[in-house]
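Two complexes, one shared chain (subunit A), two partners (subunit B, subunit C).
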Partner chain A sequence: MNNWNWDTFFEAFPLVLEGIWITIGLTVACYLFALLFGFVWTFLRRIPIKPINWLVTWVMEFIRSTPPLVQLFFIFYAWPMVPVVGFAMDPFTSAVLGLGLHFSTYIGEVYRSGIDAVDKGQWEASTALNFSTRQKWTKIIIPQAIPPTIPMLGNYLIIMFKEVPLASTIGVVGILQMANNYGAQNWAYLEPLTIVAILFLILSYPSAILIKKLEVKMNTRFDKKAVVNSSSSKGAV
Partner chain B sequence: MITISAISEIFPVLMQGIKITVTVLLASIVCGYLFAFIAGFCRLSNNVILRKFTGLYVEVFRGTSLIVQLFWLYYALPILFGIDLGSDFWAGVLAISLNYGAYMSEIVRGSILSVSKGQTEAATALNMSSFQRMRLVIFPQAVRMMLPEFGNYLIQMLKATSLVSLIGMTDILYYGDILRSSNLSQAPTVYLLVLVFYFILALPLIFLTRKMESISKKGVASE
Partner chain C sequence: MSEPIVTFQDVHKSFGDVKVLKGIDLEVKPAEKIAIIGPSGSGKTTIIRMLMTLEEPTAGDIIVDGNNLWKMEKNGKTVDANDKHLRAIRGDIGMVFQHFNLFPHMTILENCMTAIIHVKGENKEKAKKHSIEMLEKVGLGDKLDNYPSQLSGGQKQRVAMARALVMRPKVMLFDEVTSALDPELVGEVLEVIRGIAKDGEMAMILVTHEMDFALDVADKVLFLDEGVIAEQGSASQVIEHSKNERLQSFLKRFRS
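And then the complex of A and B:
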């Protein structure tokens, strides 16, 4: 342990901490993008045309089972080179698109599980009451489908927070990149990297406990349906 | 842009990286499951110290990012304890397997706990020792519950192997990056092919996961 240097630790701490707002900001931006784009996947999957349905399912599977790191590189390095549609983006925007798109496929599945859990009688009742398709969705289905999935969505927020440092590879200067910069300048990686780990732990552990509490609360409120959801929310990315 | 000649030029270069990606994946899967079972059982042990210690391990590794753990094991661990993991290979495998082992240990623990209490009581009534109880009664039922989630983590681990290129291992992504830096206009073809490579590697895992899901459902009375 004699290689641990507290002076370096205290010198590096404020510098690394400077990156925290970028890290948090990027997490929130990616998350919002994923929440919105998740709806797109959910509705694309509901198109009742076989080939389209099949295509959407496999595109989602493709995005989900390939590494987000490669997707980030694709968007940042390759997209500007694509003829006609390609354009260059700054690292932050690329990260929002890359990570947001990756996680939107997961979020889309969460929405789907919520919608599937809505009782069939609710659909029938809204048809019987002569609701338009729009009213059916906005007044009946979505208000019942989304709240039970909130703990799962919360889990994904924490998961995304932990994936965001991937963006340091394309030059988004969050806490990890700050630590790497400090390490490269002073040839001291131990303390700054430990600081990064501590910061992640400090932020994600309490949020995880909060989500667990929320889950228990939601389970009692939405009884059965939410229990089904929570059993599959144990896993993380 | 995507021409046959470009693909035939890129393809063999990326193929060189497959070996590293697959080796890292297989080693991570073996070590990951090993850590998962060890940690899962330790968290259920009667020994308080053992339980708390594994609890700490699980929370630390679940609470921080894999990429941070990887860098820490690669750059910081050798400085701190003078432990040199010998190669970047073990730094990569250890980071991935410790991280996913921590996640999967929760599945092991949860599955064992959710085996009905009556099973333990019945096994006790049959005069089984606690080891027999676990081996013959509880564990076989718990494993079946673990299967679907374990399958999902196989794909997660495959995706995680792409990170080892960041510590200089020559996997698929590493060769992709080299190709890109030598010819920038080829980047779309290169990364698309890298994605396709990973997807082809993921396909058997996707089907395996579905298989595991159906095994775990088969012959179980739904409550």
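And then the complex of A and C:
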């Protein structure tokens, strides 16, 4: 067995790094898909018809209760074999669909919690001012519902980033698969996998700190504006 | 006598098995000021919430300026009002809430402007001018760029009044607007309402626990008890000379 070898490290590093764009790209694509589809869940769950509500809740629960890996395998290997509706997709698209769909159920819950947290007096005041249903959502409810959920949404970005290597199992070549390939060819796993760990750490840890800061900012956002405003108005006087 | 702007005809309201209102008949004339008093749970707030379309009556009709609020004609049949119908009539009515319900993500000026721009379609310059005038009227001309979180309860409630007034409703509803305020802030809010009452051709319905204020402002006082209007008349008739025992004991609790 060989020990740690810096030559191997420096040889493997650029190769593993090549996979970073796939890893980041897949994270971003999955995340955007989840953000958008989360809205779809939130909307569907608000339809005030009991059977639909029950069905949507059940489907969301089903998606959340099955492992993302199983869902990936199903979409990539099994879906093309489903009669009539089945069709084959490339690994990247399958991964976006699989991981994106899985996490969209969580994101949908985040949106819902944000909407539920808006005081019902806000709905009543906007009815009293005769806003249309659409205006109530766009002008009054969503601007209040979304900002408090931003830290939670950020957390899901980091969680998804760490789940993305699952996609290597269906052939999406991110940093993990790059490192694995290098290891298999050179029988040296220690250095390339260490590089993978370091890269994940470098990207997740600062993001986590950023989100913490964002959280503090969101909790005090109206007070902040208040401070800025009162000082500027004093200046004007 | 002019036509009433609001008429309640045998209006009932239940929440589940609980009958809150058991047949309300009421006429409000243009510019008339009506105070509704009564013990909590008697259904005072429910009356004005139905007029604001926040609750749907279980039975009966509410007529606003000749239009049936909760019912409409469709293919010659009378059916439940849809949102479009409600929206068309609701514009005549404005409301001030117990808990202000200002929009926390907007400045004071934006709170006032947003509905006249987006609902009434006024241009931004005019909307701004009217809003500033109204905010000056309620004594908050120097707080335009502040956010609601920076204001005292009394100031918030005055903003809420300016926001409702600038829409120029024909009927304005006040739902216990001083109940959530610290005692020392009640005066400033009542003062503003007095001002509105004096210069207004606007009808007002006030649900209130401020008896002296009701006596002072209202043309007519209704005493609501157990879901019915138990006593009504001029403010002095009802508050000072009524023989109704339940009203007497209700008033005693406020006078002591």
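Assume the second predicted complex is superposed on the first by the 219 of 237 C-alpha atoms of A that agree within 3 Å, B and C clash if a C-alpha of one lies under 4 Å from a C-alpha of the other, contacts with A are read in each partner's own complex, and residues count from 1 in each chain.
Please note the rule applied: a residue touches a chain if its C-beta (ideal position, glycine included) is under 8 Å from a C-beta of that chain, and two chains touch if they have at least 3 such contacts.
Computed from a predicted model, the values in this text were never measured in an experiment.
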| item | value |
| --- | --- |
| Touched partner set for A:Q144, first subunit B, second subunit C, both or neither | second |
| Subunit B versus subunit C as contact partner of A:L176, first or second or both or neither | first |
| Subunit B versus subunit C as contact partner of A:Q135, first or second or both or neither | second |
| First, second, both or neither for A:D119, with subunit B first and subunit C second | second |
| Subunit B versus subunit C as contact partner of A:A78, first or second or both or neither | first |
| Touching partner for A:T57 - first (subunit B), second (subunit C), both, neither | neither |
| Superposition-derived comparison: subunit B or subunit C, residues of subunit A touched | B |
| Partner chain(s) touched by A:T127 [first = subunit B, second = subunit C, both, neither] | second |
| First, second, both or neither for A:N186, with subunit B first and subunit C second | neither |
| Touching both subunit C and subunit B, counted on subunit A across the two superposed complexes | none |
| Residue ranges of subunit A touching subunit B (in the complex, touch as defined) | 1, 3-4, 61-62, 64-71, 73-74, 77-79, 81-83, 86, 162-166, 168-169, 176, 180, 183, 189-190, 193-194, 196-197, 200-201, 204-205, 208, 234-237 |
| Interface residues, subunit C side, partner subunit A - complex | 52-54, 83, 87, 90-91, 93-95, 97, 99-105, 107, 114-115, 118-119, 145-147, 149-150, 163-164, 167 |
| Parts of subunit B lying in touch with subunit A, wherever the complex brings them together | 1, 59-60, 62-69, 71-72, 75-76, 79-82, 103, 106-107, 110, 149, 152-153, 155-156, 158-163, 166, 173, 176-177, 180, 184-188, 190-192, 194-195, 198-199, 202, 205-206 |
| Of all residues in subunit A, those that touch subunit C in their complex | 119, 121-122, 124-125, 127-133, 135, 139-140, 143-144, 222-223, 225-226, 229-230, 232-233 |
